Amino acid sequence: MIEIRGLRKSFRDNVVLADVSLSVEAGSVTCLIGPSGSGKTTLLRCVNRLETIDAGILLVDGQLVGAERRRGRLVEARPGAIARSRTQTGMVFQRFNLFPHRTALENVMEGPVHVLRRPRGEVQAEAERLLERVGLAHKTDAYPQELSGGQQQRIAIARALAMQPKLLLFDEPTSALDPELVGEVLAVMKDLAAEGMTMLVVTHELGFAREAADQVVFMDGGVVVESGTPESVIGDPQQDRTRAFLSRVLA
Amino acid sequence: MIEIRGLRKSFRDNVVLADVSLSVEAGSVTCLIGPSGSGKTTLLRCVNRLETIDAGILLVDGQLVGAERRRGRLVEARPGAIARSRTQTGMVFQRFNLFPHRTALENVMEGPVHVLRRPRGEVQAEAERLLERVGLAHKTDAYPQELSGGQQQRIAIARALAMQPKLLLFDEPTSALDPELVGEVLAVMKDLAAEGMTMLVVTHELGFAREAADQVVFMDGGVVVESGTPESVIGDPQQDRTRAFLSRVLA
Amino acid sequence: PGSETGAGEAAEPVSIDAVPEAVALLPESISDAGVLRVAIPTNEPPTQFYREGTQEMTGLNPDIAALVADALGLELEVVVSNFDSIIPGLAANRFDMTVSSMTPTVERMEALDFVEYVNMGSALVVPTGNPDRIAFDALCGKRVAVLTGSYQLTVQIPDLDAACTAAGQDPLEIQQFQDTRQAISSLASDRSDVVYADGPILSYATLQNPDFEVAEENNVAPVGIGITKGTGMTEPVEAAMTAIIESPEYGSVLSAYGLESMAVTEARVNVAQ
Amino acid sequence: MMHTVGTPTQVQSTLTSLEVQPRKRWLPLLGAAVVVFIVVAGLWDVATNERFRWPVVFEYLFNPQILSGVGLTLTLTVVSMTFGILLGIVLAIMRLAKNPTISMAAGAYIWFFRGTPLLVQLIFWYNIAALYPVIALGLPFGGPSVAIGEANVLITPLTAALLGLALNEAAYMAEIIRSGIQAVDEGQRDAGRAIGMTDAKLMWRVVLPQAMRIVIPPTGNQVISMLKGTSLVSVLAISDLLYSAQIIYALNYQTIPLLLVACAWYLLLTSILTAVQGRLEVRYGRGFQPRPQRRFRRSARAAVRTGEQEDRR
Amino acid sequence: MMHTVGTPTQVQSTLTSLEVQPRKRWLPLLGAAVVVFIVVAGLWDVATNERFRWPVVFEYLFNPQILSGVGLTLTLTVVSMTFGILLGIVLAIMRLAKNPTISMAAGAYIWFFRGTPLLVQLIFWYNIAALYPVIALGLPFGGPSVAIGEANVLITPLTAALLGLALNEAAYMAEIIRSGIQAVDEGQRDAGRAIGMTDAKLMWRVVLPQAMRIVIPPTGNQVISMLKGTSLVSVLAISDLLYSAQIIYALNYQTIPLLLVACAWYLLLTSILTAVQGRLEVRYGRGFQPRPQRRFRRSARAAVRTGEQEDRR
């Protein structure tokens, strides 16, 4: 589903992603772990083209994303094409980023109605189904501010799902939540994984990674240090850096 | 150090604290646990008189706080007296609430210089010592926005300590932090406990409670359900409500 | 209210026949258009004011403008315009001329040609009974309200000041206002001792307001129609004005506003005051 | 005052009840009394002061000239405010653009129009013919050009007034809207882009609606200033409300009563606008809750909890 | 455009390099070119258009009457803006007070002063002698009173102008400051109270400095409006900058060049103010970082990390 080859990204002189290659199978769950500043968020944002990239091939579903080939070179895609390609990828942010001026239902309907231009009635029925699915059927008319963090994050997931994406990106979806609320969100994510949604998840919840991930990728200093099944990377890390990191998080 | 007897507090019709009695020994650490909405935050705010109370006796260090006796009745204290009594109690908030327009050092100096009116030079030397103590000597001139959550929370602790309070109140001091940053703050709190500071801590970190608390108080529905040593309340809870709550948080 | 004298109402519309000598002098562009666009300043009774409750201008200046248009065989188009935009408007060819009680001075003649059409004097207005005994020779040290940029302020005051200084007395304490009402209200609230402005306007104001009276009038001097230099309109207007002055309608317009004594005998061009 | 009082039991023994009496707040009450007194006294004085000549005020309140002035004031305000806000939005977006030339162009516009008096701008537009007798599209430096029409014909006094007011207002609105846009969290843009919004849609559906909340109060100020500022167009001999009153008192010398008539109308219009502003603040504050934030959020959480059973999965 | 292109290896085989070329953005460039062109053409046209009579402009630029007008404009702006802001702060705090009478009193003030034209207020203050010949402190409804002084002596034209401008401005500033205060997070008050601040200290040291950030841009608008709005005081026979220019052209009929002189001065003053505004925005934005928030915060975090060794305990 995602194929990344030779991805490089720097902010001014600061090389954040040095040379990342990665592939994510359709229908699989990949967890991205690593210390603060290792470039996890930046990688996710590059996949969704919220950041421009300096070099590298980025294929989503076999299609070149955010760039076009022209005379043997890669050229940044036009803004319209980038926007269109983003409709196929859903993203869930750490701080939820719900639209505060719209109700839960309106948040979910925003994309399908105003970006995909699908008929309102049809979208509404579907949005209500989605909210029900994340356990918030009774909160359709609440504003984000009136909801707990866990509820907000579940609405953010519904909003991403409403675009019927091929791929879901999660950036530390539970780290802004009180411990009591974490469970709510992880439960929804496990459901999605079970249904075969392709997901790329930045997380510190090693429990979740062990339980739900098909692949765990450990990043540090802008490169992929180690990747493999959760058992191998978390249970039996090969690299010193991975071991040092895991000991700190598990402590 | 704190003696609470028959504390009652409601917001309009919503009785948040029904009849709370509690005592905290000088030099001891008390952890307050309980489900969301049980009134933990409200209790803490009442101790610091950030909320008015409807009834009850509240003694801090043997002195009536926020109320005066007058002809056999309790009468709300004058605003000046309340402000003065707050200088003796430090409070650390869940969302840090540092002053964003002041540097770390200025945040710490604000109270001693502008409330206690102590000489600036003396205060500055002390504030620098405090920042060093929480491991942030190199961050004196940073603005809060430029610091990580864990660093912000440590500065909030230094700000509270700068008032040389007899008592420190903590409201979920680590729940807004990424897992990696929690350790930083808990370490500082353990240090304080070891030095004999009286602390009242609302927390979900049962590990911390087990390790550092002298007393654990479980609240639910505006009353104290169970209290005692960490071993008894966390290790061997007597009440069903306590057990149900602990199972959910430990899950 | 307050218009028993009839000055608040318009005089009967006046008209005269076209004057062939004047028409012959008209530049082609004007005679082709058949319209004479005249800028009339905003409201200042009795020289120009809105007929009560309408947007129609009447008063001495509009009536003179009507006579000039008749004499030139043109249709009159009155364009009401604030002073601030009359001069730029003339330059912008928004108007062909302006009839706005302008006193010709050397300085002003750098910008415009002037064809005289009536004499106007200056007057002193004081509270009724003249408690301070104000007169032209007793103005030294008094608080004198005048209008911004007025002839009184720019030409007459310096002379009065010089006289006071020569006599070893204080000069006049000048207060400038934008219009007569403000000056009069300053007099009413006892911030000024006297208002010094155009005679006709002050006479009208005292008619409306019995608390005040005209103490003295002086310095009767002609005012002119202002025309942009180089437009070829000066000569035809001069010719038209000469004919108008000789016609009986000229007198009847003046008498409608009680200004018979202000008639000029000759339409002189560009005589600086 | 704080003083050591012993154990809770000792304290309780000296009390007849544990209830805490709220303190009677004399100072605010006294202040309130003084305020009420001043207002009532002021009103009384105004109503009974003969110099205000109330009968004259009532006589002219619905005078047709005054009414047409009200109409013109409203027209000028509505039309030029509308265009001013629209152009202001464009300018604010340009001002915040990454491209430095575009940003500087907007900056120059704002600098120029905030920097020159409206009076001058009005005279300029009215007399643009003096400078450019024929309005033409074409190349400068003497290049060829196509005449569109004579300036004096194209630009009537009303056009000049609307042009002047709207262009001037746009500069002020641009600053206000800029500060509003800047206050919208960056995460909101990410969220909008992530669901595939183009920049234009993002601005229109996400950023501007949220900026509204911050933009409304100063915009209210601007609308009200504009309402009263239209009297400047009297340089173009257009009679708005205030100028209509001035025309009338120029004739009858009833200055104060006629100014009171104008005031009455302005106060009425301002009241309506203030009410509209209040409703807009509520409308665009939805989901933000300005003041009683804590209270609302908590009770909302409490409400959430009642639905906890079906909520937890 | 998106189309299936195969595996990364297939793709790579068709490429000479993995570098992504940034897209050349023609549209903004074109826009920039047009803007530059318009500005240059406009300046050229203005500089060479004879009707602007530049020699006359230069002749009057430093005319003493103009200079004294500049001085008066500045004095009026500075003094009345200062008092307006101070009173505005008081009104904003009152407006947000819990006591409904106090809040309503401030509301009434704002309503009244926003609702009446400044011209009327100026005329009122100036002519207060006509209404109340003697200013007295005393009981209304005919009660006894103590005369303070004659109105005409107490209220000079300058006093009336300052009084009118400041009181009027306060109403507008109150709304702006209110919206700024409301934008300060409630947690900030808690934090201030928790270290024992009284309400007054809290407002002064915590709330207002943070409100500044939001208050500055609309206040900039107000100051600039005031600068230009002082010409209204010419009804009181005070000559500010614009009115000084008007006095001169009333004499010599050189309207356009003198208006240009006034414009030049206003533009100069506005430029200075805009620069000051920019510096204040930076000053009070410290710790908030308006636009490039993400970038700053992250690189700050990165900087933190370099100090991680000594940092972790």
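Observations, loosely collected:
Going in written order, the chains are labelled A, B, C, D and E, and every chain counts its residues from 1.
The rule is short, and it goes like this: contacts are C-beta pairs under 8 Å (C-beta built on N, C-alpha and C of every residue); 3 or more make two chains touch, one makes a residue touch a chain.
The structure presented is a predicted model; accordingly, all values stated were derived computationally and were not measured.
Shared contacts of chain B and chain E, meaning chains that touch the two of them, come down to A, D. Among the chain pairings, D-E comes first (most C-beta pairs in contact).
Superposition of chain A on chain B using C-alpha atoms only gives a rotation of 180 degrees, nearest 5. If you average the Cα atoms of chain B and of chain D, the two centres end up 43 Å apart. For the pair chain B and chain C, the distance between C-alpha centroids works out to 82 Å. In chain C, the positions touching at least two other chains are 84-85, 88, 91, 185.
Listed for chain E are residues 51, 123, 127, 130, 255-256, 301, each touching two or more other chains.
Multi-chain contact residues of chain B (touching two or more other chains) are listed as 36, 84-85, 148.
According to the touch criterion at the top of this document, the contacting chain pairs are A-B, A-D, A-E, B-D, B-E, C-D, C-E, D-E.
On chain C, the positions that touch chain D within their shared complex are 1-3, 8, 42-45, 49-50, 52-53, 55, 79-82, 84-85, 88-89, 91-94, 179, 181, 184-185, 205, 208-209.
Considering their complex, residues 48, 50, 79-80, 83-87, 89-91, 93, 95, 97-103, 110-111, 114-116, 135-136, 138-139, 142-148, 151, 159-160, 163, 184, 187-188 of chain B touch chain E. By the touch rule above, chain E contacts chain A in their complex via residues 1-8, 11-12, 14-23, 295, 298-299, 301-302, 305. Chain contact summary for the complex, chain E toward chain D: residues 25, 28-29, 31-32, 35-36, 39, 41, 44-45, 49, 51-52, 96-97, 99, 101-102, 105, 108, 111-112, 114-120, 123-124, 127, 130-131, 140-141, 172, 175-176, 178-179, 182-183, 186, 214, 216-218, 220-222, 224-225, 228, 231, 242, 255-256, 259, 262-263, 266-267, 269-271, 274, 290-291, 293-294.
Residues 35-36, 148, 172, 175-176, 178-180, 183, 204, 248-249, 251 of chain B are the ones that touch chain A when the two sit in their complex.
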